[in-house]
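Across the two complexes that follow, chain A remains constant while its partner is chain B and subsequently chain C.
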Partner chain A sequence: MGLDRRGFVKIVVGGVAGTLFTPVIWKSLDDVSIWSQNWPWIPRLNKGEVKSKAALSKLCPAGCAVKVKTVGGLPFAVVGNTANPLSKGGVCPVCAAGAQLMYSPARVKSPMKKVGEGKFEAIKWEDAEALLVEKLTALKGQNGKIAAINGDETGSAGEVLSGLLAGLGNSGCYMMPGEKFVAEKGVKLMGGSGQPGFDIAGSDLVLMIGADALDSWGTTVANQKAFAATRPTGGVATAKFVYAGPVLNHTAAVSDKFLPVPPTATAAFALGLANLLINAGAVCSAPDFAEYKALAAKYTAEEVEKATGLKAESMKELAALIKAAKAPLVIAGASFGQGAGALDFVAGASLNVLLGRVGGGMTLLPAAPKAVAGAGASDKDAGSFLADVSTGKAAPGVLLVYEANPAYALPQAGDMAKALGNIAFKVSFSTYMDETASLCDLILPAPHPFERYDDNLNPYGVAKPTYLAGKPVVQKPVADCKDPVDVLLGAAAKLGLSLGFDTYADVIKAKAKALGADFDALVAGGIWTGEAKGGSLNLGASALAKVAMPKADDKTLALAPMSNQAYGSATLATPPANLLAVRDTELSGKDLFVQMNAATAKKVGVAEGARVKLSAGKGELKARVHLNEGVAPGTVAVLLGFGRSAWDEFTKGKGDNVYKILTVSDEAGTGLKVWAGSTVTVAKV
Partner chain B sequence: MEEKKQCKGCGGALPFLIGFVAMLVVGWVVFPKVIYSQKTQPVRFSHKIHQEQGMECANCHAFRDDGSYAGLPKNEKCQECHADVVGSDPAEKVYVEQYAQKNKEVPWLVYQYQPDNVFFSHKAHESFECKECHLEVGKMDTPPVYYENRLSGYSKQTMKMWQCERCHAENGVSNACHVCHK
Partner chain C sequence: MAHGATKEFKVTWGMVIDLDKCTGCGACMTACQVENNIAPMVDASNKMRTLSWMLVFELSNKKSGAEAEVAYLPRPCMQCGNPACVPVCPVVATEKNEEGGIVSQIYPRCIGCRYCMAACPYHARYFNWEDPIFPKGMEKALSPSTSARPRGVVEKCNFCHTRFMEAKDKARQEGGNPEGLADGAYMPACAEICPTGAISFGDVKNKEHKVFDLAQGKDAFRLLEKLGLNPQVYYVSKREWVRKLGDNYAATGKPGAAKKHS
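Let's look at the complex of A and B:
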């Protein structure tokens, strides 16, 4: 019997029928459907024990004491540390995104060496460190040839940088701008010394002149908690908050009173208030009171109104409020955390002296002990240094950039980036591929805050000496990175220098010991606090004599950079999660919106949505106009944090960078570089 | 002509039956062997020996303080006894030398690993005997073979949704989506 075609078909049909009574088809279909849900690019959950570990997050300028939630050892969320008496469980929007930022695509994944314009190749750590040592060795002992820019004003890393440079015969360790530096200069002008502190929690009226204390000024989370404590749910507010600044920002929005004051007029506004208070009977025992009184008399409310547009009546009402308060406090600063002059600070602080609140509301912090022998003072500013580099007055051969982004976050940022080009060999110690790192010749990736030891001494604004420290939350960093301080200490050893430490952890332990703090308790989420020192201040009258009443200018507008902490900082682009918070009246597509009130818009001939170009110095900024009646007259407000040319797909190329149009001027009498009072011309395009 | 007549009648339903039966055999006997690859655990762990030492399941497979289930123990737990070789079993030597001393976790094969979209709480199922859902490994000297589905990548013992649903229904527990899919 043979098998013909018909017989074969019968077998096949029988086979198919038989298959239907087996799991072959049904199970295969089921398994294929499961297979289709298991593509390799689908993220997998890391399973394991959920823990909460104390950490110090320095993603924001003030630093946050946080608890990092981990699963199986990997961070997945960040919450505030309720044990911290300052932040009381609060966390800022940048540090809240800390876990996400650990896995950011913008992280530098390994040491990188520049091999062409915008091109880098990954190299081994041994080679990278050898290259660093080679460059430093070549210039060792030649003062001015090795310089460093430090963007971390609270960490002991600055001491190591400074000590290393001193050991190499160089003194060029420069700080990125911040308010601490300016405030300390201001205190000197008032006959005192040390870092000023501000006790917001212990005041019943807080007047913030320019200082955006609930968003960008000082220890913002602690400030917010102090504010919240005065607003018990269902109860009566126990303190009044007043914001006098250029924009109705987050701070102004929740304050009891908002007075629109252009950034060019903060000192004049403070002196106007002083005049009203003195007229209402305020006196003090400061030796220069008579001189101060005579000076303030020139700043009548009517004169200030003429110069600023702020109603004299508003100032008088505010003066009455201050007079009625038992524990008033005045905080003066820039609306965006930098660029204000020492005179702006002195004008505000003099009100505290006048009101007898020095030692109570406004405090002075004692000088902190140094852990690294040979570390110098951090009182040189990076902006002046790079300006000197651009003119040839300074000619370093090697520049070390630590946790700083001068190519993006210094006034006239375009010029600063060009000045960096004059330096032959630049090294960036950065966690992320930022604008400065992308211009450097060697990038040595720094760990994310949850992967490293770090410390935080006296963040600007605290009322008494405060010290925090943190240790790594994860066992192994996500990227092939090394602690910059460990790298610098290793380089120092190879150069024959001994700074007394092998690791950054050792430096921090020594710092804690010098302060009398318990290192183990600190890294477990604790805090060390000391006592503010006593002392008195004068009114700074001789310095304030240089303050000039602002003059109205038909051709230019005052520029008010606005900070929104959620949108990042000078050293951090907007975290991807926070981009969702950006309003379409702030950024639409790639267009940044600048804000001005309707009267100002009419004056410069623009309307809602108009495309404009803001110019100042050599810098230009392109944007569109959004009308906002919360902006002071004669002022244009621009959000910080946009116009990134590096970082990641989420932030690169969106909007424009306001630092490009900030212009630096020398403050009369102090010689300080200031830019909080920058002005710009606005033209339609 | 005669040949054609023979062909018309040839076999009748026999070829159909042959094909039918052959595929039944393939489907029920061959297919299950082909669809799964067989794997063995990286270390021949003997539950039997550990049980003979007086240990109970919960000594290693414990609930954490927050009620979540620790599942398979990590080196940290194993090393409480096996930081060094303490017995004569070669499997212990493998564990100590290749994993514990190298601080490397053992990549155990989990027989009932569930996908990420399933939230399974051991705490909620605490009243059941382990063996009602898991292989009864307690008396085994050698871990059972791990059958991995070549298509889906899951273990043969991974519980399917219908099994969960049936048990829930039988025990009067809700089968609403959010009960297991958070």
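Let's look at the complex of A and C:
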């Protein structure tokens, strides 16, 4: 029987229908779609139990109390610790990237010894520690020959460093710049002592002069939480926030009022406000009130307007707001957390005295007990020290650098890096290959915060004495690293010194005990708080007499470095995960954008996108221009955190480093080195 | 789903973002990247190639001096009630048919045609131009929540859908109702991490959830409401200029008003 046409059509139709009904074709298509996306180079997810462990993340300057989520023991995410009263469940954008930063390509993977210009070889820990001990032994007992730079102002590691140096007959333990240092000097000028604190949560009007309190000043996350508590979504705000500073920054964006004040005029602005408040009837019992009143009278709103371009009317409105507030608070600081003078601080803090808010809004913290006997005060600044090194006034043979990056993050950074070259043997205790580590002779890798014990006493800004501590989240560090304090304590023992401890954990336990805190509760994510001390302050009138009204200058612009916490800090380049947050109006390819308003740009003769060169001192910065109406007149704003010359492919060579063009000057009357009021010349290229 | 129709669900997960509380810090963007295993890019300034499931925009009132104001606007996927992206997908790789109203994205089905990207007026969808290559070792820090996507597919925010499933599982284990999760039981990574609590999250149809009232507040608005896509993400701002920017299609929202694209 042959196949007729009907039979053929039946077979074809039956076949097609059968194919459509069988799952084979659809299953195959599905498999193809899955397997065509299933390549060996697509990373697979980690399996295991998901847990959450409390940790102290000191990746940001203030430190965040967080919880680290782990899968099969490996950290993968950071969430807030809602039980911790400081962070209250918030996390800053840097600590949010903490787990990924454990695997940063910039991590120093093992001890390294310099073997040539920019060349290092990996060495064993025992050799590295022997080398350190050998160098220290050679200079033991010669004061000035061994120095240390410390970039961690809240950890007890500083005490160990300082105690070790003292044991070696040296007193050169220097701090990287920060607000705490300057504020304590300011408090002294006002007849008090101790670290000032600020109770944002207990205030109904917070005036931030320069201080970028909701992004990078003080305990940022705690500040943000205090701010948020006054702003119930959909409800009525219970406090007002005002930002007076050079740039409409993250703090200003959510404040009720923004007053553009150039960084050169912070103190003059505060005194102008004092004048308006006194005229409106403010009085106080401080012994120098009459002197202060006479001084403030020179700063009329109109005079301040002439010097800063800030409308007198705006200042008068602000004075009325302050007058109407029941619990106002003034916080003064540099817009980028360093370089302001003590007078800037005093001018702001004097308003708290005038308003009767010392003890309430502004507090003073008592001196904290020390765990390490022989540890000195941390009141010497690293910038002045390196300036002395460059002129030969200081000539150390060994420099220990702990959690600091002076080659990048000190004003006139180029000169600072050169000064480091004058020191024969430099040791860096760093987690990452930063600019300073890459100039050192020995790099001793430090663990990531999730791999180590650490503590955090009185981060600047807290209203009450506050202590946090953390323990490792992981059993074994990712790199071949050792806790720097353990290394220092080991070296001390080999040098015949006893600091009383074998490990950093022991130091922290002793510190907790001295404070009356429970170590176990602290490392489980808890907190210890004490009480602020009493005491009054005067208005600092005799110091403030040295404040000068800023003069407008046609040739230069005020330089306002701008901090954005997500973009990293002095000791941390932008985390790879945070590069996404950098706007293309801030960085495009390798070009950094500096910002100024249209009127300033016109004055300088540049337009949007123009290439410019900013110069000051011996430093130069190349960038392009982005117009931003939120920048104060006569001011150029430059983002911090770019222009890295070390680190990794994610950050190296992108943009330029604003620290290069910050210039240091001596503050009148206080002798402090200041650079928040730096000026620059801007030229088209 | 027929074009132009809003599919109703008993549970409608939504966000209410308080723009007067957002400082623009970017923690939400970082948390989103971490949760969803988005590989870092060496040149993230090329915004045509980046993957920003959550993106914080900067808005300006275009004034200067003391009059100048900026606001930050975090933009996740709007999980539209009537999504423009769903009907244009030729392979049904994106759907809105699960209780909760989250618009799905099914990577193995996606053929990378990018019609959905063209259709989405919020630019919330991103095309994977590169394979997800993490720096050596960083794959050990991958979140177990979200598979890494290969190049050639489109991806977007899904309100951290794995967290939704985990919350339902937890409710089942604890004898609760997985279809009626308590306020806060399910929270995307961005809302959880936000240090100012600017992002509220919950079921906008459930009176016991905070977002129910917030979404109906007098200062609440949605982006490009006039397009009729019925987004499930709401914004709140007391600032009128910010609310106005929320719908830049028509200047006044009244018939006959000048159309203004920007």
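The working rule: the second predicted complex is superposed on the first by the 641 of 685 C-alpha atoms of A that agree within 3 Å, B and C clash if a C-alpha of one lies under 4 Å from a C-alpha of the other, contacts with A are read in each partner's own complex, and residues count from 1 in each chain.
FYI, a residue touches a chain if its C-beta (ideal position, glycine included) is under 8 Å from a C-beta of that chain, and two chains touch if they have at least 3 such contacts.
On a predicted model such as this, the values are computed, not experimentally measured, just so you know.
Contacts of A:Ala610 after superposition: neither chain B nor chain C is touched. In the superposition on chain A, contact of A:Val79 is made with chain C only, not with chain B. Once the two complexes are laid over each other on the shared chain, residue contacts for A:Ser588 go to chain C alone; chain B is not touched.
Contacts of A:Ala368 after superposition on the shared chain: neither chain B nor chain C is touched.
After overlaying the two complexes on the shared chain, residue contacts for A:Ala668 are found with neither chain B nor chain C. Once the two structures are overlaid, the count of chain A residues touched is higher for C than for its counterpart among chain B and chain C. Residue contacts after overlaying the shared chain place A:Ala97 against chain C, while chain B stays out of touching range. Once chain A of one complex is fitted onto chain A of the other, the partner contacts of A:Leu45 extend to both chain B and chain C. In the superposition on chain A, contact of A:Thr22 is made with chain B only, not with chain C.
Residue contacts after overlaying the shared chain place A:Phe8 against chain B, while chain C stays out of touching range.
Residues 30, 34, 37-38, 44-45, 47, 50 of chain A are contacted both by chain B in one complex and by chain C in the other.
By the touch criterion given at the top, residues 7, 10-11, 13-24, 26-28, 31-32, 35, 64, 66, 68, 70-71, 115-116, 149, 151-154 of chain B touch chain A in their complex.
Per the touch definition, chain A reaches chain C in the complex via residues 30, 33-34, 37-39, 41-48, 50, 71, 74-80, 90-93, 96-97, 99-100, 102-105, 214-215, 220-221, 224-225, 227-228, 231, 233-234, 248, 250-254, 257-260, 309-311, 314, 478, 564-566, 575-584, 587-589, 597-599, 629-630, 633, 648-650.
Within the complex, the chain A residues that touch chain B are 1-4, 6-8, 10-19, 21-24, 27-28, 30-32, 34-35, 37-38, 44-45, 47, 49-50. In the complex of the two chains, the chain C residues touching chain A come out as 16, 18, 20-27, 29-31, 33-35, 37-38, 40-47, 50-52, 56, 58, 60, 62-66, 68-72, 107-109, 131-144, 146-150, 152-153, 189, 192-198, 200, 213-214, 217, 219-220, 236.
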